[in-house]
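Naming follows writing order (A, B, C and D), and every chain is counted from residue 1.
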Amino acid sequence: MAKTHSSPARLEAFSDGVIAVIITIMVLELKVPLQNGLAGLATVWPTLVVYALSFTFTGIYWINHNHLLHRTDQADERILYANLFFLFWLSLIPFFTSYVLDKKLDAFSVGLYVVSMILTGFSFLVLRLAIGRHLRETGRLEREDAAAERKHWISLAMYLIAVGASVHHSNIALGIVALVMVLWITPSAQADALDHCISAHMSEADGAKDLA
Amino acid sequence: MAKTHSSPARLEAFSDGVIAVIITIMVLELKVPLQNGLAGLATVWPTLVVYALSFTFTGIYWINHNHLLHRTDQADERILYANLFFLFWLSLIPFFTSYVLDKKLDAFSVGLYVVSMILTGFSFLVLRLAIGRHLRETGRLEREDAAAERKHWISLAMYLIAVGASVHHSNIALGIVALVMVLWITPSAQADALDHCISAHMSEADGAKDLA
Amino acid sequence: MAKTHSSPARLEAFSDGVIAVIITIMVLELKVPLQNGLAGLATVWPTLVVYALSFTFTGIYWINHNHLLHRTDQADERILYANLFFLFWLSLIPFFTSYVLDKKLDAFSVGLYVVSMILTGFSFLVLRLAIGRHLRETGRLEREDAAAERKHWISLAMYLIAVGASVHHSNIALGIVALVMVLWITPSAQADALDHCISAHMSEADGAKDLA
Amino acid sequence: MAKTHSSPARLEAFSDGVIAVIITIMVLELKVPLQNGLAGLATVWPTLVVYALSFTFTGIYWINHNHLLHRTDQADERILYANLFFLFWLSLIPFFTSYVLDKKLDAFSVGLYVVSMILTGFSFLVLRLAIGRHLRETGRLEREDAAAERKHWISLAMYLIAVGASVHHSNIALGIVALVMVLWITPSAQADALDHCISAHMSEADGAKDLA
């Protein structure tokens, strides 16, 4: 079969670079407190917690991105643009993190922070659909990734509840955000393991053919 | 044939790194507004639009850069320097983005922003010509990439119109810039697809020879 | 054997990206002094020394990370998260570096700097244990890496002494930190060399089987 | 032969990342002028020239680093540390660039800028010697890289003249710096081309052996 699409290697390398910068420049938002000693550190404490939340959020996306791209060995134009769209929303996380910190976790800024997470989650779903469509079109989709899509919809619903909660209880909103992250800690579940198992066998078979 | 030139793998890795940093550090230019609530977000709005424009501009260049380097499997000195020249102009995009934001989109700053895009576009043309020349010299150019070169000249002409428009109507200038981006969303058109198809067949043939 | 886990290639690429950003953005903490000439440079001097210390600390971790990941050719979920956990603590080094600089190396900030190094060291131990467990579970651990684990415990003990010392003598605390680094300059010692030697022979054998 | 040393792939990836960040964060030093219009741009002009100088300096080092690492297919501890030492000095270039800009190119700051270039050049020589020593020890050095070493000494001498010149004529000092860059634009000359040619033939021979 003629390979008319490029391999996702550079897509992965570029995404790794962008996500690495996103996850790391957030540390520049951490400001050394004016006060000395333990009192100073205490004022920095909430900042560190939000930083840890954004770091974990971005890190879990990286792991899921890793898993998602693992499913395809080609990247067409649609996937490239869906990936850019996802990176765009992810790149705003440092901005909304510093927003929430500057506004000292007031209702509006926490709501905004959750909205930016919703948009990141939505764009990741777009990327998943683009990859699913490509696999279907090139006839290499073994099985629909229904479990992962269901997880997307549950997350988006929970985020919407978090936006509502942020009006009166920003801590509850942040708690729900943390809960959604737990959902995504394992990107796969059994379904994916099966998928990889199958594709590994297939590539073994391919390798055998190449050497035959 | 003795390979006297290095593979473009490290060139790609370095370019990916530089473009990843360029596209991401622009987020540091976004400043949290002093006002609280929706009023504050409203003042940030134009900033976000320009950020999205610069992000898209850089992202589309990455995709086109990806496609362009896909055409060669070697990188000579001339390509390395043409690539550096391109990255230099691209690296100024964050600066001119913050310029246009600081000056609140006045005529001069928008004109400057468009000029920096022209220079980036021009340097990308230089890179394309360097790669074309290398392919011609090593006898691996299947077909001139005339369609892409034509697109370059059209873009540069449109950018010049945008510079003129920026004097009186900065919104129209930014609109033209957005229009040029649309031109580049598909880096290839059919011609390129054909090209890849041919090279894929050739590398298959090479692979067959290697194993024979 | 079916490969149900992804290769550590992207894990390495992402870690390289994150560590590269961490090690480089610290330079943004260096402030040009107000005074001109040699007097100005003299005021910057301690800053440069702490920068060099943090740079070396991060650099040595990169080399040890490199060695550690070299032991495995697969990365399971546990390794991915242990790696994120390690990168999180490492990413705080630039913050605590600027903390110690802003506070002009007072006892509390130096103590904090050392504590962040302890937590980085501890998270690196967690990563080592995760990799060891994975190798044991998949039956590919030739030999326990007892020497490296011993080095971890010695380092953590020395760091604790440094925290104590920081109360009265911040220079001694920084000296101990420098001493721990010396311990880690060679990530391996003979044991590791042996390990690589064995695995090289094994992969040669594998290669032979593949071609047979 | 048992491979007891790791391949330089991750060394290259890490160096690419660090150099990519170094070359790109310098743009954050560029400050948007307070004045509007052409008058504002005119005040930024010298800044842009120094930025271009530092960008070119770093870019040429990347190309030479690329070439240098191309000579070896293994990286021992000594090479890893020599590389870190080189990256340390290179990472200070953005700091000394902003130093020279803040001090408006006064004699002292230009001298300092040149001294940091000398130290970068010196550390690159150390890296070259580390790689040469490794190649000699493992019996894979076809020929001493005497031409490149000579170029190092010439550059260091020219830099020393530039430091002297900076006392009275900072423009002449910067001119000499630019002159040294020209020397390094072609990392190789004929000698290196020959070297690659030989190693390409050797790896072809190796490949033949592997398949035999």
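FYI, a residue touches a chain if its C-beta (ideal position, glycine included) is under 8 Å from a C-beta of that chain, and two chains touch if they have at least 3 such contacts.
Since this is a predicted model, take the numbers as computed values, not measurements.
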Report task. Give a one-word verdict, same or different, on whether chain A and chain B use largely identical residue numbers at their interface, taking over half shared as same. Result -> different
Query raised in the report: Fitting the CA atoms of chain B to chain D, what rotation angle results, rounded to the nearest 5 degrees?
Result: 90
Query raised in the report: With chain centres set to the mean of the C-alpha atoms, which chain is at the far end from chain A?
Result: D
Requested in this report: Could you please state the distance in Å, as a whole number, between where the Cα atoms of chain C are centred and where those of chain D are centred?
Outcome: 25
Report summary line: Per the C-alpha means, the centres of chain A and chain D lie apart by a whole-Å value of 36
Report summary line: chain B touches at least 2 other chains through residues 13, 17, 20-21, 25, 28, 211
**Report entry** List of chain D residues in touch with chain B within their complex
**Finding:** 12-13, 16-17, 19-21, 23-25, 27-28, 30, 32, 36-38, 41, 52, 55-56, 59, 62-63, 66-67, 70, 185-187, 193, 196-197, 200-201, 211
Query raised in the report: If you look only at chain B, which of its residues touch chain D in the complex?
Result: 2-6, 10, 13-14, 17-18, 20-22, 25, 28, 77, 80-81, 84, 87-88, 91-92, 94-95, 98-99, 102-103, 106, 108, 112, 211
